[in-house]
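Same chain, two partners: chain A is paired with chain B first, then with chain C.
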Partner chain A sequence: MTRLPIRKTYKLFLGGAFPRSESGRTYEAQGQNVARASRKDVRDAVRAARSAQPKWAGMTAYNRGQVLYRVAEMMEARSADLAALASGRDEVERAIDRMLWYAGWADKLAQVIGTANPVAGPYFNFTVPEPTGVVAIVASDEPPLDALVARLAPVLVGGNATVVLASERRPLPAIELAEALATSDVPGGVVNILTGLREALAPVLAAHMDVNAIDVGGADGVAPELERLAAENVKRVVRSSGDDQSPWEIAAFLELKTVWHPIGR
Partner chain B sequence: MAHAPALPRGFELPLEPRLPRIGSVDEVALEERAATLAKRSIKKDSKLWALELAVRMMDLTTLEGADTPGKVAALCSKAVRPDPADRTVPSVAAVCVYPNLVSAARERLGESGVKVASVATAFPSGQSPLEVKLADVRAAVELGADEVDMVIDRGAFLSGRYAKVYDEIVRVKEACGRAHLKVILETGELGTYDNVRRASLLAMAAGADFIKTSTGKVQPAATLPVTLVMLEAIRDVHEETGRQVGMKPAGGIRTAKQAIQYLVVLHETLGADWLTPDLFRFGASSLLNDVLMQIRKQKTGAYQSPDYFTLD
Partner chain C sequence: MTDLERKPDRAPVPSGWTYAPAPEARDIVRLEERYGLFVGGEWIEPRGGETYPTIDPSTEEPLAQVAQAGPEDVALAVDAARVAFENGWSALWPSARAKYLFRVARLLQERAREFAVLESLNGGKPIRESRDVDLPLAAAHFFYYAGWADKLEYAFPNRRPRPVGVAGQIIPWNFPLLMLAWKIAPALAAGNTVVLKPAETTPLSALLFCDVLRQAELPPGVVNIVTGDGRTGAELVKHPGVDKVAFTGSTEVGKAIQRELAGTGKKLTLELGGKAANVIFDDAALDQAVEGIVNGIYFNQGHVCCAGSRLLVQESIYEPLIAKLKRRLATLRVGDPLDKNTDVGAINSRQQLDKITELVASGQEEGAEIYQPPCRLPERGYFFAPTVFTNVAQSYRIAQEEIFGPVLSVLTFRTPEEAVEKANNTAYGLSAGVWTEKGSRILWMAQRLHAGVVWANTYNRFDPASPFGGYKESGFGREGGLHGLEPYLDFSGKPDTFGG
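== the complex of A and B ==
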């Protein structure tokens, strides 16, 4: 019996679901029709991220690490699909290893980045890292999967929620990654992935008053304009390069809270 | 009416013959119409106009056991100047509080033009003797309330003792003196749209200046279809008698988008005459911040964050 193949419709990943763009529009990329997000989709994504963030940040560090480990598991299970859409097996393996590497940092961050500070007074003075909040990521085009994971993983480990603007030319690996995220216990809304025209969407994200930090690594020529818009609410601006991998990439999206605790007798 | 003949088993005649027959409300068509009107797209300048109107129509409300004079004072400051960063945003219509906090609000609002509304009559249940309710109303008015929000006795209404409900409204209206009377039907407890329409007509016949959906303490509170039923009752009274009665949906209206939907339904049902704070109010506590955020979004082009707006 012949069978009608089910073709995949590439949609957004928003609040844990896969809706079409609110505008109904699409554009063509990598030979597929891909959802073309509108400003309202950006607004909805930020709202979803904002409401999901406290729960994600409230999970124990160990648990967050476990969930990110599971993301790596799910990516492994989908590695063939990911490889077909990205630039091959090598890139996918790099991305999975990277996710795993960052997952391990979840319960080590506070020890490494936090400090106990000597002060001239009867206080126990210590500093602990806390998530920045909602982080916007403007992803690089190349390599489409690994560059995205390289930005996404450090943002997530620290307990932030994020709105990702996927590569405009090569958005499919990002949506495929969303399938892995959706089946990996990352609470809905913690990661939101939008596809669409970078020129139209990135400024909306950069100007959004409810976004606390923006990674302009993939913004190319428009980065200065995004930074200018981000200044309105003093967003943390991170100019990443796709291949960096270190705990300091995580620290870039953390706020350090210092506590002065009186020492009694 | 006050002497409606008593019927067996405690039932009384519903209404005098000259009160309009209520007919029956077509539930499906009503909800469909409300849903259709909610889809209207209001953009740009019209949106800004609607948002500012919504601010001017707002009864900024706090009805918590934890209310303090300090909290009410903060709320009053916000009522007078909702957005400290933007002087063009108008003051709200009124501040709505419990009777004990009327004087605190009165003092803070001074000559700002913002009115003080007080709930009364054993709010929110209304399950107290009439004398207690009247004393409640008199106290609120003496303390300086410009408007009184009373609740109807749903227990009496639902058991068919319409005359008792009617009489209470008449007595409360007398006790109000010059204060405006808003009658809360608590539609979430009335059960059917027919009952909402009946209660609306009853309240208007008894002298209500405004009819109001809910206390905000019962779910569901204000909904678009319920508001439409009440607006149509107001329209029918206006057509028959020429009297203009106001409307106040309250409870559950949290977003600017919802507020605009209510304004669309209002305009489509009663026309431009009712697009004034004298005849339409929103009872809300958290709505104002969302409207302010939308106004600033319209003016700056950037989506806003609650971080930059006061909590109360």
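== the complex of A and C ==
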């Protein structure tokens, strides 16, 4: 007799834990029963992100880079599983290298994006980047892993916390990625990944008053509606595609703070 | 404490002093009876024939008739900007763009007094401020961005910066010419052309600026000025020929613009309202802090989006500080904006005066304690006495809503953590002030305040090299500095060949 394998239940990733939807609902995708998050799950995820964000942002940039490097390590260790759920090895390798590339930006960003400003007066005037806070990501369907990593990594490296709405059609790579994140010293709640129906959940995220920015790059036809809802609290709206990779992708989720520090004897 | 109670540190302000009037001559400004729209380098009449009077808010006397631009006029202006963009401006040598901007800067310096008087006439701000702040800064802004025009490749290495196209810009009434400079200088430096709408109540300095453009021989259509009320602004935002919208004004209108542009892919920057905390620690140099508080909230009648409208005072110095502040308030001179002794001029409009009056009444109703120094307000015109509210709870409207007037709400705190908590307890995030003699505390606070600009031991200071703009509902994008160029540039030509 061959051994009967244990199957995995695909659940949400919320506050560092893997709960089912509070609604108790699931839907079928990629041949699996996947948690179907409710509006309440969205609100809980935003709350988890908000409370986790200061700790993540408060880590030294060096340390944040190390943690993201660790994420790349954990993805590498799971690359076979990820490849089976996503679109093969190529995609997974691209996603891992992308995570690594962004990890290295953690302690270099401020030097590229920040400035010292020569003002006419006795002040040391400088501008530094800071995380915008809580970012909502509406992930693209294709390619299900790499497109998500391409949006997630720049959000994280800048010190933000996030609520991700995974691809509705191909959500499993996102949950597999959550398992890599959960074992990577990313503080619980910094990344929250929800699976479910995009048309029901994305508007809740877009309209949420405690979300600072929303990435609608993967929202396709729903994007204009999400952008309209985002105006309610002047959210930063980002419309990058899954291929874009540069420090400016990070900057899209950063605020710039300018400080006038007095000079005197 | 007891020392302070025993002997006041300064003699009481003499009450019998009178000041002779010291009015700035207004004949340096020659106004037309009626102004058209500046489109394609020429003055045109509004197609709808509609005009409205613009007034001097300190006397309520009309100054001139101004055009109300309708949809057709806005379309003409956008077309003129497009033609200028395609036919030369964007392809001009960057160094030539720079030289035009340097010319504009110089011309503003040469005609500074004329502009300063006009700014005070039409806007109500004290001549001392328009002369010493608005004009020098406006000229400096053009100088600063002039120098960037032929250095963009160095500002954005590996990004292939290109102009966006036609920028639609809408500016407020609190710093009419300075906001024009903040908008036009970076836009032109980056190679764009512009359609700018001045505020409904303060169009005159923008219209006089067209004469500076004539003197600078700026090619026609590079800058177009359309006047009118909110309807004109809405037309400009909606126009499909506008590639980038820049708005400075209220958060309410900013949200409407963001909604309007949803799904269009147009670039947008918003510089919106504020409710800034000005935080005074017990080790601050108190006299200096009092000056900073006064400058923070009574500068330009409090018509400042980054005004320090919430004063957070550490409890241990609350009484002496408030006593000093009240004494200082009694010396503020409220009145004729053109008088060189005036500290607080006229409220910009009847509508704004009504808003301030309504919010102040709400403060009294909710239970705050009001203080206004004894001062005689002019009988005509729109004036409001400098006002301080103490005993304010964070939930009061005067602690939450932007008043945009000379009204200060005082709250207290005990620990730095509490100061941060209270300072950040607002939907806005434009600016903040910190007063302490401890450098490490300045930076500790600066790290934690959710605000785009943090002033330490100073307030309301601006510089073209210093980026300005908000967090949260105070908007997004920066104006000033290298960062102020970014909203006016397109980087899509950059090859994406990283990673893989």
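Criterion: the second predicted complex is superposed on the first by the 260 of 265 C-alpha atoms of A that agree within 3 Å, B and C clash if a C-alpha of one lies under 4 Å from a C-alpha of the other, contacts with A are read in each partner's own complex, and residues count from 1 in each chain.
Going forward, a residue touches a chain if its C-beta (ideal position, glycine included) is under 8 Å from a C-beta of that chain, and two chains touch if they have at least 3 such contacts.
Since the model is a prediction, treat every value here as computed from it, not as a measurement.
With both structures placed on the common chain, the touch criterion links A:204 to chain B but leaves chain C unconnected. Of the two partner chains placed by superposition, only chain B is touched by A:46; chain C is not.
Here chain B and chain C are compared by how many residues of chain A each touches, and C touches more.
In the superposed pair of complexes, A:108 makes contact with neither chain B nor chain C. Of the two partner chains, neither chain B nor chain C is touched by A:55. In the superposition on chain A, A:25 makes contact with neither chain B nor chain C. When both complexes are overlaid on chain A, the residue A:230 reaches chain C alone and has no touch with chain B.
Overlap of the chain B and chain C interfaces on chain A comprises residues 232-233.
Taken in their complex, chain C has these residues touching chain A: 140, 159, 251, 254-256, 258-259, 261-263, 265, 270, 272, 427, 439, 442-443, 446, 451-458, 461, 463, 465-469, 471-476, 478, 481-483, 491, 494, 496, 498-500. Of all the residues in chain A, the ones that touch chain C in their complex are 94, 97-98, 101, 115, 117-121, 123, 125, 127, 132, 212, 223-225, 227-228, 230-234, 236, 239, 243-246, 248, 255-262.
Listing the residues of chain B that touch chain A in their complex gives 301-308. Against chain B, the residues of chain A that register as touching in their complex are 42-43, 46, 204, 207-210, 229, 232-233.
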